[in-house]
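So, here come the structures, one by one.
Next come two complexes built around chain A: one with chain B, the other with chain C.
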Partner chain A sequence: MSAGHRGRMLPYILLSPLVVFIGALSFVPTADTTVEAFFRVNPLDPPSKFVGFGNFRALFADSVITTSWVNTAAYVVIGVVLSVLFGTAIAVALKRRFRWRGVILALVILPWALPAVVEAVIWNWIYDPTFGVANSALHSAHLIGGYHVWLGLDRWLTIALIEIVQVWQITPLSALVILAALQSVPLDLYEAARVDGAGPVQSFWRISLPMIRPALAVCTVEALVLSLNIFDQVYILNGIAPLGSSVMLQTYVTAFENLNFGGGYALSLLMTLATALLSVAALALLYRRPEAV
Partner chain B sequence: MASAVRDGRTARAVTQAAAGPAGRVLSGRPARALGRIVALAVILLWSLFPIYWALNTSLTTQSGANSAPAHYYPSPLVSASYRAVFGIGGAGSGISGQLGRSLVNSAVESGGAMIVTVVIAILAAYAFARLQFRFKRTIFVSVLATLLLPAYATLIPLYRIMASLSLVNTYLAVILVYVSGFLPLAIWILYNYFNTIPPELEEAAFVDGASRMRALLQVVIPVAMPGIAAAAIIAFLLGWAQFLFPLILTTDLSTQPVTVIVAALDQQRVVPFTLLMACGVIAAAVPGVLALVLNRYIVQGVTAGSVK
Partner chain C sequence: MKNLGTVRRAAALVLSAALVTLAAACGSGNSGGSSSAVAASGSSNSITVDVAYPAPPAALLDQFTKQTGIKVNWVNIGWDDLQTKITAAMTANTYFADVADVDWSKVGEYQKTGWFYPLNKYFNVASLSADMPQLNTFRSNNELMGVPFDSSFLVTTVNTKDFAKAGITTMPTTLAGFTTALQKVGKANGIASPLDIQFATAEGLSTCWYQMTAAFGGQVLTAQDAPAFTSPSSPGYQAMSWMVDAYKSGLVPKGNINTTDYQGFTTEQAKNRTAAALCDYSGSVASIYNVPSSSSVVNQTEYIPTPGASAVGLNVANPDGIGIPKTAKNVAAAVKFINWFTSTQNQAIWAGLNGPKDVVSTFPLPARLSSFNLMAKAGNIEQAAQLEAILKAHAQAPFPNGAPSWYVQFSAAVQTNIHEAAAGQETIPQAVSAIAAEVSQLAA
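Then we have the complex of A and B:
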């Protein structure tokens, strides 16, 4: 092989492991999901049979599944709003340099680095109806009269408290991305605003917010994808009860506990499409590069 | 420091003297300084309280953990849960064996996935950053697009692929699935890092007669070590945290990672919370310590290319 020929082939040689991996384990499976969603697939009762939209009709007729759709919408709304809001607040608080900032930043990242399952087990203990610290602390502060059963009774309270656990984990991600964006805003913009008599609140709304808009868009999409996929926290804190169930949990139950792979495929396909559409819509709405100033 | 807070000017002088020009916790008027400290305290409380609570419970007795109102520090302070979890004194029942083995499994699976991911991502990211070839943009965009691909899209087919290859309940299946999931992010991090390295460095090596591969191995990789470390640690942390995929791909203790075992102990509803929290603390210790020690690589990796 001549040197020139090898040079031309080199990019493809370097890329071949990547293409094999992503091709075989991302693209082929996605295509498989798309096709099999229209088949009846049951590993205990082969062969597969084409059923058109049959799987989808069954999904829409199943009240547990439709409940999980509405629940997931609630998870997403709470997750996106709170993680972007808290992330922005943390980023603003850590924007200016001060002595312990590096240490505080390292500690703030911690919830992101730990396994969600372990975190959910910890929060399960915090929410415990008889011995949990949530009850104890709220009772000591006279905010509640008696101990509450927090999870599994009220649908929206259960969802909110489970989503808090996910927000706790993903907020550091938003905080880091927004912090990086805040730090890239030219300081003379703030100086100019101060000379013109703008206070800190005004310069946040007029300068910081427009400049970090791309970062906010990125955080929104990240939180959107993560909360649409919420599984670990729901598995631990809600179990398979319909009350707080998410679509990911129902996909798992449908495919791997009821062995209805066709139904699982159909649910997967709908959620993959929903994820793609919502992500693109969020980016189109939010992502604007700041105008040159 | 308390007396200094009363006088803004003294406070500023004191903190600046103590912290140098960059240190300004207490700069500005005292009210603002106080607000700042309160804000930081709230942020730290929110970030650390649940972790502290797990530690607190793991270090006390069952009756200490079940006291009402709750004890905010371990009282009585005992190491019984950790002794049981580590199987010291024969008090561990089955938990110590399960936890020990699952930690080994987690290390093999996330460590293996980290190594394979980083090697493949270095090769690919270098090609994307430095070489010109047909379909470059198409391949690059389609690889990055899988970042937005939810677990839904691949969950059932990946299980069926692994089942058809008789790979269910093997390290290999878990590692292959992790690598396919972590590659896009690793490539994004490394692509951005390679783009910050001046091409002149390699060109100097070419003048000396080095080939592309030699330049990559001997010039680019040493310079790109911080970026490679960022990709590696993030891949390892993501691997350690996985739950849903190992839940379907592993079936017994020979491959089940620590996340699956901790969830199983929780689901039994009979393991006391003192033991459960000790298991949780141990499962979280590896990623926790890594994140604290290597946090600057995480910050760099997570924010790669996000400023543009």
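Then we have the complex of A and C:
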């Protein structure tokens, strides 16, 4: 084997362990799941049997599942909009150098570093109707007359409050990504704009925003994937009540509680397709390299 | 075109990430559920015990090892996680433990799937029944799927100090009398909502309905696993109406719509925000209310006979049990361990016969009457006579034929619909119809 040939093979040799690893742990189970989605797989009703689209039809006929799709759509809209908006606002605020900036940056990252389960438990106490901070703070500020039951009574309020917990967790990463993008914008551009008479708002809209568009696209997809797959926060704050249930929660319930693995496979497959399609759509819509703007 | 290429590459990456998510969500599930044992018994001198319970003191486990030569690897895992672990392991037909938790609600499921060994050939069922009043909870189609290792049942607890302040020293025996008494207690003590009933969509709400149905003198399913709660005069229907009315009328705190059972005991009853609980655990007085570090009602709370429709009502038994998964590697050692763990002497020790040093944390009450007697004689059990009377005469299995194989879906329908009825999202007839429809579908 010539040195040139060995050189050409080297990248493939180096990549092969990763390819095998991903293949074994991801694509093989995925292929298996895709096939099983078309079978009735239920230990309580053996043996497994090909049912075509039967699992999918059953899922769409189940009002709890269809409710969970609508709920998940609401989680996504709230999660994507708020995390990208807050992430951008935090990044813009932290772009300028000021005293204690490092400390504030560390504090901003903190929610991202905590496990979702821990955060959900903390917020469960915050929302507690009897002794939660939410009630006492709002009551002290005379914003509410009496203590409220925040979760479990009103569908949209419950969804919004659950998603706020996730926004609290994922916004720090968005802020960091956008901050990094903002810091890589050449200062000459701002200087030229200032000379041309542009103010801070104009500079943000005309220079910063177009230049950080790839970062915004990444943050949007990140928020989209996480919101679509929301589970821990819903399970801890809402239990399995259909009121705020998400598709991922229903996937768990269908497969591991009801032992309807065929239905669980089908729901997972639908969620994968939804995640992939929405992510590609978001990227196609938002992703532009700065020089192409 | 350059941008499009970038988008395509990014899209491929996203697709890969999504597929990883899918794989994580569903894993490599096996379609089988085959029940053949992976390894023959007796292949090792150690066993793994997977339960949602803390281990007994190490010295006592060491004694077992000395007596039998069997080393015990105790894995204490949260109840929910353990159920998922059992399902995943047994579906994949892999070993995870030699002895594992058999919850009373899973008995029908395990019998039908064949995930656990029927224990009839390892234990004398008739002899055990005489000493373990709750053994029947673990029988399905005459197969013993687990052995109870405690005697948990749902009870009524009251704060006697609050009741005395309202002038009530003789406890009411009917639910009507109990309601009136609670209203007086609330006024006398400045407690707006004196009754703790949990309404979160969790298992505690389902079991509370079974308990209230027992208090009204019935069960929610017939011996043929058909709905027994659709008639407005049935105990199940009346129980649901009573619970929802109690919530809507303010007898139960509004915040309880999202409160689970254990949460309610520790944050409401133990902090004197409520004065009574109708679906409390047997053992709560010692393990929750009389613990000074976390309770403000020490020595104030007592068990009382559960008020019923016209006289003292029944109590639902929900004990914890252990059994042997079909994939166990050491069945003989597992049987020896179950015998040791549920023996008369040890059951009493876990509950406090030798004092606090040997107690298994959160252990409610022994499964055996003989253990009860040991403790009563030693004088180290709270209200021993009261609890023993309930255990002997009033504690009944939640279902006449054991928990059905579709119990999990049934319970989900129960908790969801009662929760929604309490939250005003549906009426009692709608909730009853929805649960009955689910039963018909599941049983078909």
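FYI, the second predicted complex is superposed on the first by the 271 of 293 C-alpha atoms of A that agree within 3 Å, B and C clash if a C-alpha of one lies under 4 Å from a C-alpha of the other, contacts with A are read in each partner's own complex, and residues count from 1 in each chain.
Methods note: contacts are C-beta pairs under 8 Å (C-beta built on N, C-alpha and C of every residue); 3 or more make two chains touch, one makes a residue touch a chain.
Small disclaimer: the values here were computed from a predicted structure and weren't measured.
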| field | Combined model on chain A where chain B meets chain C, clash or fit | value | clash
| query | Does chain B (first) or chain C (second) touch A:L110, or do both, or does neither? | reply | first
| message | Taking the superposition on A as described, I'd like to know which of chain B and chain C A:I126 touches: first, second, both or neither. | response | first
| query | Is A:L10 touching the first partner chain B, the second partner chain C, both, or neither of them? | reply | first
| said: Under the stated touch criterion, which partner chain does A:G199 make contact with: chain B (first), chain C (second), both, or neither? | reply: neither
| Which of the two partners, first being chain B and second being chain C, lies in contact with A:H139: first, second, both, or neither? | first
| task | Could you look at A:G52 and tell me whether it touches chain B, chain C, both or neither (first, second, both, neither)? | result | neither
| field | Touching partner for A:S279 - first (chain B), second (chain C), both, neither | value | both
| message | Per the contact definition in the header, classify A:Y287: touching chain B only (first), chain C only (second), both, or neither. | response | second
| task | Could you tell me if A:S268 is touching chain B, chain C, both of them or neither one (first, second, both, neither)? | result | both
| field | Contact breadth on chain A, by residue count: chain C or chain B | value | B
| request: Could you tell me which stretches of chain A are touched by chain B in one complex and by chain C in the other? | output: 22, 25-30, 32-33, 36, 128, 130-131, 221, 225, 229, 248, 251, 255-256, 261, 264-265, 268-269, 271-272, 275-276, 279
| request: Note which residues of chain C are touching chain A in the complex, please. | output: 2-3, 6-7, 10-11, 14-23, 25-29, 31-33, 83-84, 87-88, 90-91, 109, 112-113, 115, 200-202, 253-255, 257-258, 260, 267-268, 273, 405-406, 408-409, 412, 415-416, 419-420, 423-425
| task | Sort out for me which residues of chain A touch chain C in the complex. | result | 22, 25-30, 32-33, 36, 39, 41, 43-44, 46, 48, 64, 128-131, 147, 149, 151-153, 221, 225, 229, 238-243, 248, 251, 253, 255-259, 261, 264-265, 268-269, 271-272, 275-276, 279-280, 283-284, 287-289, 292
| Which residues, counting only chain B, touch chain A once they are in their complex? | 15, 18-19, 22-25, 36, 39-40, 43-44, 46-48, 50-51, 53-54, 57, 65-70, 119-121, 123-124, 126-127, 131-133, 136, 139, 142-143, 146, 148-161, 176-177, 179-180, 183-184, 187, 212-213, 237, 240-244, 247-248, 258-259, 262-263, 266, 273, 276-277, 280, 283-284, 287-288, 290-292, 295, 298-299, 302-303, 306-308
| field | Interface residues, chain A side, partner chain B - complex | value | 7-8, 10-12, 14-15, 17-19, 21-22, 24-30, 32-33, 36, 86, 89-90, 93-94, 96-100, 104-119, 121-126, 128, 130-131, 133, 136-137, 139-140, 168, 172-173, 176-177, 179-181, 184, 214-215, 218, 221, 225, 228-229, 231-232, 235-236, 247-248, 251-252, 255-256, 261, 264-265, 267-269, 271-272, 275-276, 279
